[in-house]
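Notes to accompany the following structure.
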C-alpha cells in the first residue's frame, strides 16, 4: 500500500507515542526563564518529578538526550583512571562502556550473551577493591531484558563494597516499579522520550547523598554537566543556563497524567501488555531474545527472527507501523515490539495484529494464533 | 479499569477521529475574513472542494451542522405546501421527514423496515404528479444501509419525473464513490465531521443548475440559508456573513490529505474495512442490521444485539472505545462500529479486538474468531 | 515592505485576536457528543456561560454565525406578518431589517444618520399597538455607536408596551457591562468571534421567560433554530444535532479567562482602551463617527477620513495590521480601529502607532501627537 | 494592574517570541528517528541550516543549550592545558572563561569595561606563540555590544597566527549578517532560542575544515559532544543518539520563515529596530551601555539606569512585558530591551511605549518623547 491514512503506529522503544495533551502543552508560548512565573513553575515541577524516580532527593534535568545524562552521571562522580564495572547486557551497555572509555575511565567489562541481565550472584567476583562504580542498565532496550536491581544492590551490600551504583533507567522509568532511594541507587539516568511520554530532548539524573559527596572530589573535567551549579540554581526555581522550557511544559503535563492514572496502575498496565505480547509471540511459534523468565522487560519485547529486517520494512510499508530495529550484534536478527508509555489494550491489539499480518505476508511460517492468544490475556478481568 | 492511557478509540459514525494535522491547522490564528489573504484562500478552497462531491458546480459552505445543511436544501428549493417524497430507511430519514413537516412541506413517507435502502423499482409508484422533491439518505448512519443513488436516478428518469433529487451524503461523502453531477443529484447535503475528517461545525450543499433554477421561485422564507448571496460573495472569495475561519483551515488540510491518498484509494480502503468488519461480525455469529448485500455501508456497520447498550458501556469503561448507540427505533437493539475517515488497518484491528473482548466480558455467547477472520481480510494483498 | 515578521495585528472588530490558550483548546481531539464525558462538559459549559450574559436563564448555543443567531431570535418568537420595530443605527441594523423582511415580517424602520444610537425618548412615538418586537443593536460594529439599552427598556416600560425586546450584543458581549435579566431583554444575540475571543462559528441566544412563552405560539416555520428541542436536550447535557465540539472546548477556555480576569476588570479595560483611542484620534485632529459622547462604543472606534481605504491598505502592506473597512453607506468614508477581546495596553500602543505612521505615510495632514496622547491615558494609574 | 489580557510582551534577549507556526510545528507527533522519513527530513534540514551560518560546511546540531555548544566547541578542538585567549566583553564572555577553566584549559583573559567589543588593534599584543584558540562573543547579550569579527580575523591574519577562532553567535545568528566561511571562523556557536525563533533546547556548532583537523588531535575527553560520530551519522540523515525531534521540526519551519523573508531583509529589519530603540533611549535622555557607535548590537539594547530593577518589575506587573535583567557586574544597573527574532514595527512600538510608561510611573525623570522619536524612524520609508 503506497498511501496511508489514520495514526501511524510508533512501536519503537522510544521515542514513544506522545499524548496529544503533551504535544499541546509543549506548544505553549515560551516565557522568561528568569521571571517569577517560571520560578514557581520550576519548583513545582522538580517536586512533582520525584515520585516517578522513587526518590526524596534531587533530580537534575538537562536539556539533553539520555546519552547526555549518562555522561553527566560519569563526569560528576568519577576521576580519570577510575575503575568502573560494566556488564555486557546489550547494545546500550556496550555504548556505555565506550563512553566511559572515551572519558578516560578504566573499564572492567563482564562479557554477556545479550539474553540475560546482570547476574547478582556473580557480582562479588567481579568487584575489585578499587572499583569506583558499578554501571547497570535496568532495562536493556536492545534486548528486552531487565536486570534485577534490588538483588544487585543486595550483592553489593553483602560484599560490603563502597562502589557507587549507577543505573540506566532510560527505558523503564515511568513504566515499571522503580525505587531510587529504597534500592540504594546512587545515580539514576533517564530520558524524556520513553515512559515519560515526551519528545526527546530532556535527560535526567537522580542523585543520592553519596553521589553528591562523590561529586565534591570527582576529578573528571566538567562544566555543562556539573550538578552543583544546577542544584544551587534549582533551589530558587532557576537554571544556570537556558532550560528547554517547552519540553518542561510537556513534562509537567505527562507527570500529571502518570499521577492521574496512578503509578501502580501504570506499572500493572505495562506488565499486562508485556505478558500479552509474549503470549502472542509464543503462539506464533517464535522465540524471544530474553532467556530468563525473571528478566522479561515490561516495556519492549525482542523477537528473534532471521527475516527481521524484511518483516519490519514490510510492516512499515503495508501497515504504517514502525518497529524497533536490531541493534549492535543483534542487527538483522531481532525486531523489537514496544509496549510502553501512552498506550492501551486496543493499540496493543492493533500492534500485534500488524505484526501477525506482516509475518504472514513475508512468508514466515507462523501459527496465526498470536493475536487471539493475546486477546485472551487482555480481555481477562 | 478505572484509568486510561493511550488514544481513545472514537468509533462512532461521526464525529470521527480528526487527524492531528487537521487539529493543528484549525489552531492557526484567525485572520481578517474581508482581507486579500482570506479571499485567495477561499477561492482555492472552494475549487479544491468540488472533486470530493464529484461536481464541477458550486458547493455552498455553511458555518453549521449537517442538520443545517438539510434545512438549507429544503428552504432553497421548495415552497410552502410542496409535496416531498421521503423514505423511511432509518433514523436520519425520519428526522428529515420531521424537519420538512416543521418547515411547512407535505410529506409522502414510504414506510420501511430500517434494514433496506430505498427500493428503486418502486420509485415510480410513489411519485405523484406534483411531487416537488425526492429525498434520499445515501448512507443511513443509524442502520449501516446505503441506498443505490444511480439506480434511483435511473428510476426517476424512466418515470420522466421532474422532481428534484435531494441526497443526504453526510456519512458517505469523502469515504465512498460519490458523483453529484454524473448521478444527476440536485442537492447533495454533507457535513464536516465524517469522511471530511473535521470537527463538527461545517455543513455543505452541492447545488445543480436545476436546483439553482428552483431557488429563484422557491417560496419558503429564508435568509441565513439563502444560496444566492453566498454564491455572489463566493465569486470574490468572501462570504455574506462571518465564516467559520478556523474550521475552513482544517477543511483545506483534510482535502489535501484526501487528494494525497487519492480518492479511489480512499474508497477502496473504506470498502476493505467494511468487508473486514462484516467478516468479523459473521465469525462471531452475530447479525448485521443491513439485510441486502448490495446495500452494506462502507463506513458504518450496525450489529444486532439485545445487550447492545450494556456491551457499549462496558467497552467504553474497560477499553476506552466509543461505539455508536442505537438510534430511534433501534435504541438498545444495535450497536454501531464506525470504520470511517482517518483510519487504517491496525486501528480497525484494535477496534474489532475491543468489540470481541467486550462481547465476551459481557457474557455474549460468541465465537471468538472474529478478529482472526478480519485479519485474513486485512492481511491479504 | 514586502515581507513580514512578527505577529499580525488583527484590529478589525471581529474576528478578534484569539488567545493561544483558546487555539490550543480547540485543537483537542473531538469526542463522542453522545457520551458521558461530553454531557458533563456541556452542563458545566452552559452554566459557565450565563454570567457573561448577565442571566440566570438559558443560553442557546448554535453551531452558526451571529447572523444565524439573529435568524434564530426572529423565527423563534414571531409569526408571519408580525410587525417589528427596527432603527437605522448602522450597517448591521440595516442587515437585520433585510433579514426580517426576507422571513416575512413587516418592518417599521426608523431612519437614522449612522452617528447616533437608538433614541429612547422617541421610542413611544414609534411603537404601534401591534408592534410585536423591538430590535436594537447594542453596539453598532459599523459605526462605533452604542445604544443605551436600560433607557430603551425604561421607555418601553413607561409606554406599557408588551413588545419583545431583541438585542444584538454581538460586538459588546464579554467586553462591556451587559445584563440580560436586569435590563429586561427578551432575546440577546451574540457570536463567538468578538469579546468571547473565539474563532467564528458559534452563535448564541439568551432567552427570557417571556420569549420562551412567545416561542410556543410563534408561527414562523423553523426546525434547525427551534429553541425547544435544544433546551430539552441541553437538560441532559446533549444537543439535538451534532454541536461544534471543538469550538465549545475553546469557549470553555475563554470563559475561564474572562472569569479569571474578572468581568468588571474586563469592562474597565475596554473602557480605558476606547478612551485612549479616542484621545489619539482627537490629537491627530481627525473626527469620530459617533456623535454623542454618551454613546461611544468601548470596543470599536470609527474614524472619519476620506482617504480611509488608502490608509487601511497602506497599513496592511507596510505594518501588517488589519483595520476595519467602512461598511454599507460608510464604505470608503471611515476606517475602524478595534480595541476588543484579547488585548492589552502595549498592543493598543502598537495599534495606534501603526495608524499614526500609516496616516503620515499616506500624506494625511495630522498632528503626530496621537500616540503620545494615548500613552498619557494608558500610563496613568 | 493585577490582571492581564492579550499577548505577553517577551522582550528579553532570549528566549524570544516563538512564532505560532513554529509552535504548531513542534507539536507534530514524534516519529521514528531511525526510519526513512526522518532520514530524508534530516538531510534536508542540515542543508537548509547552512545559509544562516554563512557556511558551505557542516553544522552540528545538539539536543542541548547554547552553553552546551560552547562546551562542544572547546572539547572538540583543544587539549588539556591549552592556552586560550578570551576577552572580558561582558557576562557571557566571563562565563565562557569560567567554563574553559573548568575544563582544564589555561586562559589569558583580557580585561574590559563591558562597554566595548574586542579591540582588533590590540589582538597582536595579546596573542602568545602557544595561543591555541581565540574566543570571541560576537554579540554580547548582557551589554548590547557587538564585536567586529571581520576585523578580528584580519588582525589574526596580519599576525600570521594559527590560533583557532571560536565565535559565540548565540544572540546574533539569524538576525545580523554572519559569514562563518568568509570571515574565517573555525567554530561558530549558536542556540535555538534567539534569532532562530525556537524554544530553547538546541545548540549548534558550525565547523571549519581547520577545526575538523584540530578535532583529530584534540586531547580533551569527550563523548556526547564529539563531532565525528555525529558527522558520520549525519551523512545518512541520522544521529548517534536520539535527537530532539520536535524542536528539529520547529527549526525546519523557522528556517523556512527566514528564507521566505530573505536573510538580507531580516538583517535590515533588525538594524532599523535597533536604531529606533536607541533613538527612543536618547530622546528619553537615558544612556546606553554600548560606548562605541561602531559596536551597537542589532538585537538588544542595554539601557543604563540605577532604578533598572524597579522599572523592570513595574513594567512586568503593570504592562505584562518582560525585559532583560542586568547580568553579572551590571546587575541592577541596566535593563535590556530585546528587538530580535519574530518581531515587527508595531510590536516594537508597543515595547517602547511600555518602557516609556514604566519609566514615568516609576518617577524616572525622562522626556516622554522617546516613542514619538522612534516612530519617526519606523515610519520613514
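Labels for the chains are A, B, C and D, by order of writing; each one numbers its residues from 1.
We adopt the following convention: a residue touches a chain if its C-beta (ideal position, glycine included) is under 8 Å from a C-beta of that chain, and two chains touch if they have at least 3 such contacts.
Predicted model, so just to flag it, every value in this text is computed and none were measured.
Farthest chain from chain B, judged by C-alpha centroids: D. Set side by side, A-B and B-D show the greater C-beta contact count at A-B.
One simple way to say how far apart two chains are is to compare their mean CA positions; for chain A and chain D this gives 34 Å.
Averaged C-alpha coordinates put the centre of chain A at 45 Å from the centre of chain B. Centre-to-centre separation of chain B and chain D, using mean CA positions: 54 Å. Of all residues in chain C, those that touch two or more other chains are 17, 20, 23-24, 27-29.
Every residue of chain A that touches chain C in the complex is listed here, in rising order: 20-21, 24, 27-29.
Against chain D, the residues of chain A that register as touching in their complex are 7-8, 10, 12, 14-18, 23-24, 26-35, 62-68, 70-71, 80, 98-99, 102-104, 191, 193, 199-201, 220-224, 226, 240-247, 316, 322, 325.
Contact residues of chain D toward chain C in the complex are 3-7, 9, 17, 20, 23, 257, 260-262, 265-266, 269, 318-321, 342-351, 353-354, 356-357, 360-361, 368-369, 371-372, 375, 378-379, 381.
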